[in-house]
Structures are given as structure tokens and as C-alpha cells.
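So that we are looking at the same thing, I have put the structure below in C-alpha cells.
To keep things simple, chains are lettered A, B, C, D, E and F as they appear, and every chain counts its residues starting from 1.
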Amino acid sequence: MPQKKPVENDKNQLTHFDTSGKAHMVDVGGKSETHRIAIACGTIRMKPETLAVVENHTADKGDVLGIARVAAIMGAKRTSDLIPLCHPVALTRVTVDFTITENSILCQARTETVGKTGVEMEALTAVQTGLLTIYDMLKAIDRGMTITDVRLLEKSGGKTGTWNAENRN
Amino acid sequence: MPQKKPVENDKNQLTHFDTSGKAHMVDVGGKSETHRIAIACGTIRMKPETLAVVENHTADKGDVLGIARVAAIMGAKRTSDLIPLCHPVALTRVTVDFTITENSILCQARTETVGKTGVEMEALTAVQTGLLTIYDMLKAIDRGMTITDVRLLEKSGGKTGTWNAENRN
Amino acid sequence: MPQKKPVENDKNQLTHFDTSGKAHMVDVGGKSETHRIAIACGTIRMKPETLAVVENHTADKGDVLGIARVAAIMGAKRTSDLIPLCHPVALTRVTVDFTITENSILCQARTETVGKTGVEMEALTAVQTGLLTIYDMLKAIDRGMTITDVRLLEKSGGKTGTWNAENRN
Amino acid sequence: MPQKKPVENDKNQLTHFDTSGKAHMVDVGGKSETHRIAIACGTIRMKPETLAVVENHTADKGDVLGIARVAAIMGAKRTSDLIPLCHPVALTRVTVDFTITENSILCQARTETVGKTGVEMEALTAVQTGLLTIYDMLKAIDRGMTITDVRLLEKSGGKTGTWNAENRN
Amino acid sequence: MPQKKPVENDKNQLTHFDTSGKAHMVDVGGKSETHRIAIACGTIRMKPETLAVVENHTADKGDVLGIARVAAIMGAKRTSDLIPLCHPVALTRVTVDFTITENSILCQARTETVGKTGVEMEALTAVQTGLLTIYDMLKAIDRGMTITDVRLLEKSGGKTGTWNAENRN
Amino acid sequence: MPQKKPVENDKNQLTHFDTSGKAHMVDVGGKSETHRIAIACGTIRMKPETLAVVENHTADKGDVLGIARVAAIMGAKRTSDLIPLCHPVALTRVTVDFTITENSILCQARTETVGKTGVEMEALTAVQTGLLTIYDMLKAIDRGMTITDVRLLEKSGGKTGTWNAENRN
């Protein structure tokens, strides 16, 4: 039996606009406070020799990924400052992991709250800030790096329940 | 005759770390103030029916791209708050364009300054903030959108001169 | 029978100062979390020909009011950064409307939270930021615009209950 | 002989939008760095008994205007964070004065820079933040206060030269 | 009978790092919301003649401590922006006091919240910001001032209960 | 021959206040742009067993000092947001070092700019933010740590020239 997909809104109506087309910060006052989790990921692709420098800089020689992780966590906390219609959210947890593959670094961020609205944007902002920080530290040796495949992997909590990228429509 | 590529640093030394591996904000005090330009781009991919909603929301029904453009411009101004080792920069110009293709929206940002350090990170941060804002406004109808191919297209000014993505190594 | 006006503090004691005159962020820890709403408004007056430009810039030619609305919503979120003794508040809703009259634009903002303290300052900050943003975009053609009549229209929730500008003392 | 009024832009073209109507942060890279000054003012009107409380709170009993002044100065520094298309400006001076009249407090702010773009928005933002802060501290005793007549008094420096509210068109 | 000291973590494990040594924002989602209080203090030492200037500037001649108090309160609100792994906290109260001694000024800050995590960092950040602000205002006459003895005095609420500096291990 | 001490202001007049005692952001518009450097330091004292944990957390097990260094650098950039009367400064360099002694960690920060005003506050804010971040990461195992001896070591550039802590009055 296929997994039941979460209810989505009417495809012709964006919740961030009222019926006359004006943007607003959506009313979440009536939503219940639930435990909400989001997991997002993204990748930065680079030349193998650039990647070798990163691998050489995780300990005494300067911790590229350690700094990117701090930036990602701090970025998650700035989400509602950056994204105009995002609600301020009291994050209760943020974790950020990096995985080095052949020619890229994968960043995965997990954000959580107990609140009235989801934390998908916080997870995505963490990923973007982490990857931009890697770009910044490496750009002197490789300006051609590309940030790619930034997306939501999973979210749970709230009225629409659990969603994951595998089973989406 | 092939274009001469810009001089790059020693591949084994990251400028953001001193010789003992400690991160620092690089000394740019001795650099000359030149006109610096950076152009970056990125894409958000989505289902055709989601894209149709965006196209339907550029005027009276709520201007998704107009809001994303404002967020991108404001995001550029927050770059040094977000990226740990970035210098504060007095931007003299920011422009942001969106192009709708078959199943994606392309964002291109151009940042400029007259100063001692480049504005590549500002252009990339503008793109990321713009695309994240689009994601935010559309996520209620399509959580599976992907932000991809975020990269620098071109930069000019400063000691390393002009670089563009076409002719890079 | 006249409406009973809400209880107000002793006129000679400001809550933002302790008995020795030192400013503090008032203790709201013991207050109950209630649904709180505030509505504020304000006006920017300008020459008729300036107003005509705004009316000409609501769609393809550049959406002055759309940008001002985004700024107003984001401004509401920055209230506790700007106003020294304001508590941080998790806004659950922000809406902003503009009405064009003969020689002015009226801005009305509504802010809501479910929390221990009111959101009047958030509504007023939204209005001010929205009107300042209009000024910014039009100042090249009319520096003499005036922002006026910025005030609270209504608030509800919390111990002092409902207040509206019509029935005030 | 009447004073020559400063050159103004084509009334049908807003500099904050390109020819296709897209908002941008205007290019000021080519402008010369001149000494720029702006003076703005605004008023908050209140009941005489509220004003008496303020007058009673300028020294040992809690300095309402002292706090509002600090907020106004700090607000000036946040201008480019709040106003979407404002350039970041390195302010070289900010002064803020309050004058108490019969039933209102007048706030006047002066901002200066040596730079490529004017500081009108910084002066106006200082005034607004100062007046909002007064509102915040007094709202418990008088929610019906009104902020009014916020406007630019004078500006000098830059290509358009000196402008003052008296001689405007 | 000696007071039982609060349970502390395993001395070899820092909660801000996971088992593989990666920094994270600790999960507080499962913690209960309790009334949490923290009190911190710190001192700035200066030459007697500098101190005399401060004492001379608490009323009409410019209120050094009044401004430092506002900065301290606002600083408390910025804590999670500054300290990478701090959770955002909705402060419900902040008070800041200064005491002038023979050759120094003592700053004491009290922060409170009703929430899932403590407010020690907020109290310490308030103290530091207040003392730095005093330094800033006096540095033109005495650059040799020293900020010293910044520490937590007391905290209560949460799982680890009450702690005070007197009875610590 | 004794070193000539730098000229200091009249001891009874604070530059941050005008003659009537009102705080202002001092006019630096007429100052020349010179290369300015400041070096500040500070110490956090802790139990030897706490210090042992830090020493154990500089590489694979979680880099306490690496994170504190990032926070310190970012803190320097936030100085004018935190200190009310500080001018915004375009820092051209920030370095932060930590030295572990028997029972404490010493933080030293160096900030530089080419500008009209000094960077002493930026160096001190970097130190404070770095030390607070160490406190934050270790507080679960030792709440009794003390931040102490935060002071300016040296500054150069600008009209008052070079100052260092050794030769001060």
C-alpha cells in the first residue's frame, strides 16, 4: 500500500499572499505547538585538488569544515531576519554534518523546535550558509566551485505531518 | 591565443588561515581601492505546475519574484554578518534578475563596490537568499524544489583582475 | 452607558523604570500567554504628482507598495532590536495594507502573537518602516514628503484587555 | 532673485527601479565622496499629563529622553538593514535633540558622512526610532499618543547640492 | 550539613559537541519550561580621576551609566546572535545595576525567562556590553581601564536547579 | 628620556557628550583616514580539570578554541551594533589568538582599519565575545569560571598616535 502523501494546499493559492495578492506573514496563532523537525542537505562541488586542501585542513592546519559548521548553525538562527515572510522561531536544536566525497562536500542540517510553525527554512538556511562559508574559504584557490542540490530531505510535525523527499509526489 | 588565467594562490595554502592553521580575517589594509564587480547565478527547480503558480503571481495576485528580489538585495547587505571571515563591504550597487525557464527559475545577482576587497560572496549570498525566499513562498505547494548550480559567473577588479566561469581552469 | 476604559497605571510611575529611576526590561514572566493583537496606522503625505508616480508603479513599472510592505513586515520582526526596552516577541502574524488617498498613502499594520506581552510596538514599527521605505523610493522626486499620524488604532489581549483609539480617554 | 531649486529627476522615473520596473540598489560607484549632511525632525503628541511625567523623568527618576536618544543614534546605524534599497553608509556623526513643547516632544536628528550617497534616510530613521522609543516608555499611561510631522528639514552634499524644506517646490 | 551541589556533567564530555567532536546546538526540545533566572556581575577598574568624571556625568552633564545600562539590556537581547551555540531565548526580564566603588564600577545584571534553557549567557553578555560601553565613553580620557571579574553569581531553574558562586565546588 | 605620552582630552570633558550633556556619535568627518591598529587581551580563569577538557578538545574531539575564535572575529564586526556611540568601521583585518596557561586561557585580538576612527572597541569586543563563547561551551562542567583583565594593550594610528599599556600614565 503506498504511503499517503501529506495534504497540500490548493495549487493555485499561495499561503503567503492574501486573496487580493498582498504578501503577509501567515497567521499561525491558532496552530498547536508540536515537535517539529526538518532535515535539509546540499552539496558544493570542487576540483579534486581543492578538496585535497580541505581534507588537509581539518585539524592543525585550519579547520575549514569546523568554521563552516559554526556559520551554518548561526545562519539557522538568522533565518527570519533573511527570509521576509518567515516567522521567528525558537530553535531547540541544530546539528550540521559534512561528508566528503570524491569531488564534493555534502552538508546536511537538522533543525528542531517545539512550536507553531515548521523549521524547513532554518534547515535550508543552515545548509546554504555552511556551503557559502566553504566557498568563501576556498575561493582564493578555486573560484569555479558550484553549490548544488540544496533541498529538503524530510520534515515532521505540524498539521501536514511527515514528508520526505523519497515519497513526494 | 588563449586568455591568460588570473594568478591564483599556492594551492596548499588557504589565505583564511595563518601558517599555524588559525582562522583570521585576512589583512586587506594595503590593497588599493578599485572598482570591483561580481556576478553570480543559481537556479531553483520545481514542478511545472508550481512554476505556473509563480507566473500567475507576478502582478495583482502577489509578486513572488518581486519579494524574492527585495530579499536578495537585503541578503547581499548581510553577507559579512553571515560569513565568518568576510570583510564588511560598502556595496555601491546590487541588481537581481530572475528568468523563468521550462521547469526552473534562474536568479542572477550583480554586486559592486569601490573598495579593498571583492564582492563575490555578496553576489552569491544575494542569489542564495533570493532562491530561499522563492522556496519559502512556494513550499506549501511543492516541498520538493531543489536549489542548484549556485556559482560565480564573473568577477573583476582587484589584484587578481578579471575571472569568468567560461575560461576558468 | 459609556464603555469602561481599561485600567491604566499610576500616572506618575513609568513601568520601564524602577523606583530609583533605572530603566529595565519589565518583568513579564508571570503574565499569562494570551492571544494579543495590535493594529497601528500612519500616513505619508506627498504632492499629487508624486502620488501619481506611485500609482503608476504598482505593477510592471516597479511595485513601490509591494516593496514597502515587505520592509514593513521585516521591520516588525526587528522591533526588539531597535526599541531598547521591548521584549523579544514571537510574532504569529503580520499583515500590512496601503490605501492611496488624494494626496497621501495610508499604511495600516496588524501584528499578533500568543504570548506574555503585547505587540503594539511591532505594529507601530511595521508602519514606520513601511512609510520610511516609501519615502526612500520616492525621495529623488519629492524630498518634502511628510510622515504623519502614526498611532495605535486598537489592541487586545493581556491584562489591560481591549483598547481602541475611538474610546480612549 | 528666487533661490534656484535643486535639479530633480524626471518625475515619471524612479531611480530605485530599472527601465523594466525591477527594484535595485542604485549604482553610486561613480559618485564622488563628498561631505553629506541631513537633518530630519518629527513630533510625538501626547496628553499634557503624560508630558508632565516625561518632564519628571529626565534625571533621577528615569531619563526617558536620554534612552530615546540612544535608541535614535543606534537606529540610524541600522538604516540599511531596515530600508531595502538603502546603501550601507559609514556615518561620521549623529546628533539627536529633543525639545518639549506644550503637548508634544519634538525630535531632531542630524546625520553626516563623507561618502558617495546621502544620509537622509539615516536622519529619518533616527527620528522614527527615537519617537517610537518614547512611545514605548509612555504607552502604559497613554496609548493614544501620535507620531507626526516626520520629515526632512535639510540636506547638503552630493550632486543635487543643498535642499531645505523652506524653499522646496 | 553542607549544601548539596548540583549535578554536573561528566567532566570529559562537553555538551556542545557530539561524540565525534562536532559542535552543535544542544537539543533542549524535551526540557520543561521553567522559570529561569541568572545573575552575573563584572567590574571596570579605572583611575580615580576618571571615576570622578563618571560621577560628574550622571545627570545634566551626560549620563554615562544610563547609556551603559541601555546598552547592557540591548546586549542581552543579542546574545544568541553573538554566541554561536546559544539558543534563542525570549527574555521576560532584564535588570542592570551599577555600583560605584573607590576606583571601579561594578555592573550586575539579572536576566529571566520562562523557557527550556537557561539565561546565564544573557546575563554575562549584558554585563560585558555594559562595561564595554563604559570603556567606550571614557576611553578618550583613560585608555588603561580594565574589565575584570566578570562571572556568574547565581542561577536558578531547570534540571540542574540552583547554583551560586559562594557554594560552588 | 621618558617617552612622551599621547595628548589626552581635558579630563573633565567626555567627547561622547556635547556641552549640555547630551550623548552623540562624535563627529569624525574631518579626521584623516589613517592606518589604525588596536590590540586587546583578556583572560578566562577556570579549574585545572576544566582546562584539561579544553586541551583535550582542540582537534577531533571538538575544537573549543576554534569556535571561540570564529565568534570573536564575528563579534568584532558587530561592535557598532552593540556599543551605542561607536562609529561603523570597515575592518580590514582581525586576528585572534588563544594561549593556554596553567589555570586560564588568554585571548588576544588585533583589529585594523584604514579609516577615520580607531578600532579599540572592536578589539575589546572580539576578546569579550571570544571569552564568553569559551564560557558558554564549558559552563556545563564549570559555572564558576571568571573573565578577567580585559584591556587594551596597544593602539596606533590617528591624531593621538601610539599608545601602549606599558607606558600609560
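Here is the rule we go by: a residue touches a chain if its C-beta (ideal position, glycine included) is under 8 Å from a C-beta of that chain, and two chains touch if they have at least 3 such contacts.
Protein identities per chain, from UniProt: A, B, C, D, E, F = Cyclic pyranopterin monophosphate synthase.
Please read these numbers as outputs of a predicted model, since none were measured by experiment.
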Item to complete: Kindly list the shared contact partners of subunit B and subunit D, in label order.
Response: C, F
Discussion item. I'd like to know which pair from A-E, E-F or A-F copies the B-D interface, where a copy means over half of the contact pairs are the same by residue number.
Written reply: A-E
Worksheet item: Out of D-F and E-F, which chain pair has the most contact pairs?
Response: E-F
Discussion item. On a C-alpha centroid basis, what's the spacing between subunit B and subunit F, in Å?
Written reply: 32
Worksheet item: Could you state the distance in Å from the CA-based centre of subunit C to that of subunit D?
Response: 17
Worksheet item: Going by the touch rule set out above, which residues of subunit A reach two or more other chains?
Response: 22-23, 59-60, 63, 66-67, 70-71, 74, 78, 81, 84-85, 88-90
Discussion item. Run through the chains and report each pair that touches.
Written reply: A-B, A-C, A-E, A-F, B-C, B-D, B-F, C-D, C-E, D-E, D-F, E-F
Discussion item. For a test of understanding, state which residues of subunit C touch subunit E in their complex under the given definition.
Written reply: 18, 22-29, 80-81, 84-85, 87-90, 115-116
Worksheet item: subunit C touches which residues of subunit B in the complex?
Response: 59-60, 63, 66-67, 70-71, 74
Response to the item:
Within the complex, subunit A is touched by subunit B residues 8-9, 11-12, 14-17, 20-23, 42, 49-50, 53, 56-57, 59-64, 67, 70-71, 74-75, 78, 81-86, 120-121, 124-125, 128-129, 132-133, 135-152, 155, 163, 165, 168-169
Worksheet item: Across the complex, what residues on subunit E touch subunit C?
Response: 35, 66, 69-70, 73-74, 76-78, 88-97, 112-114
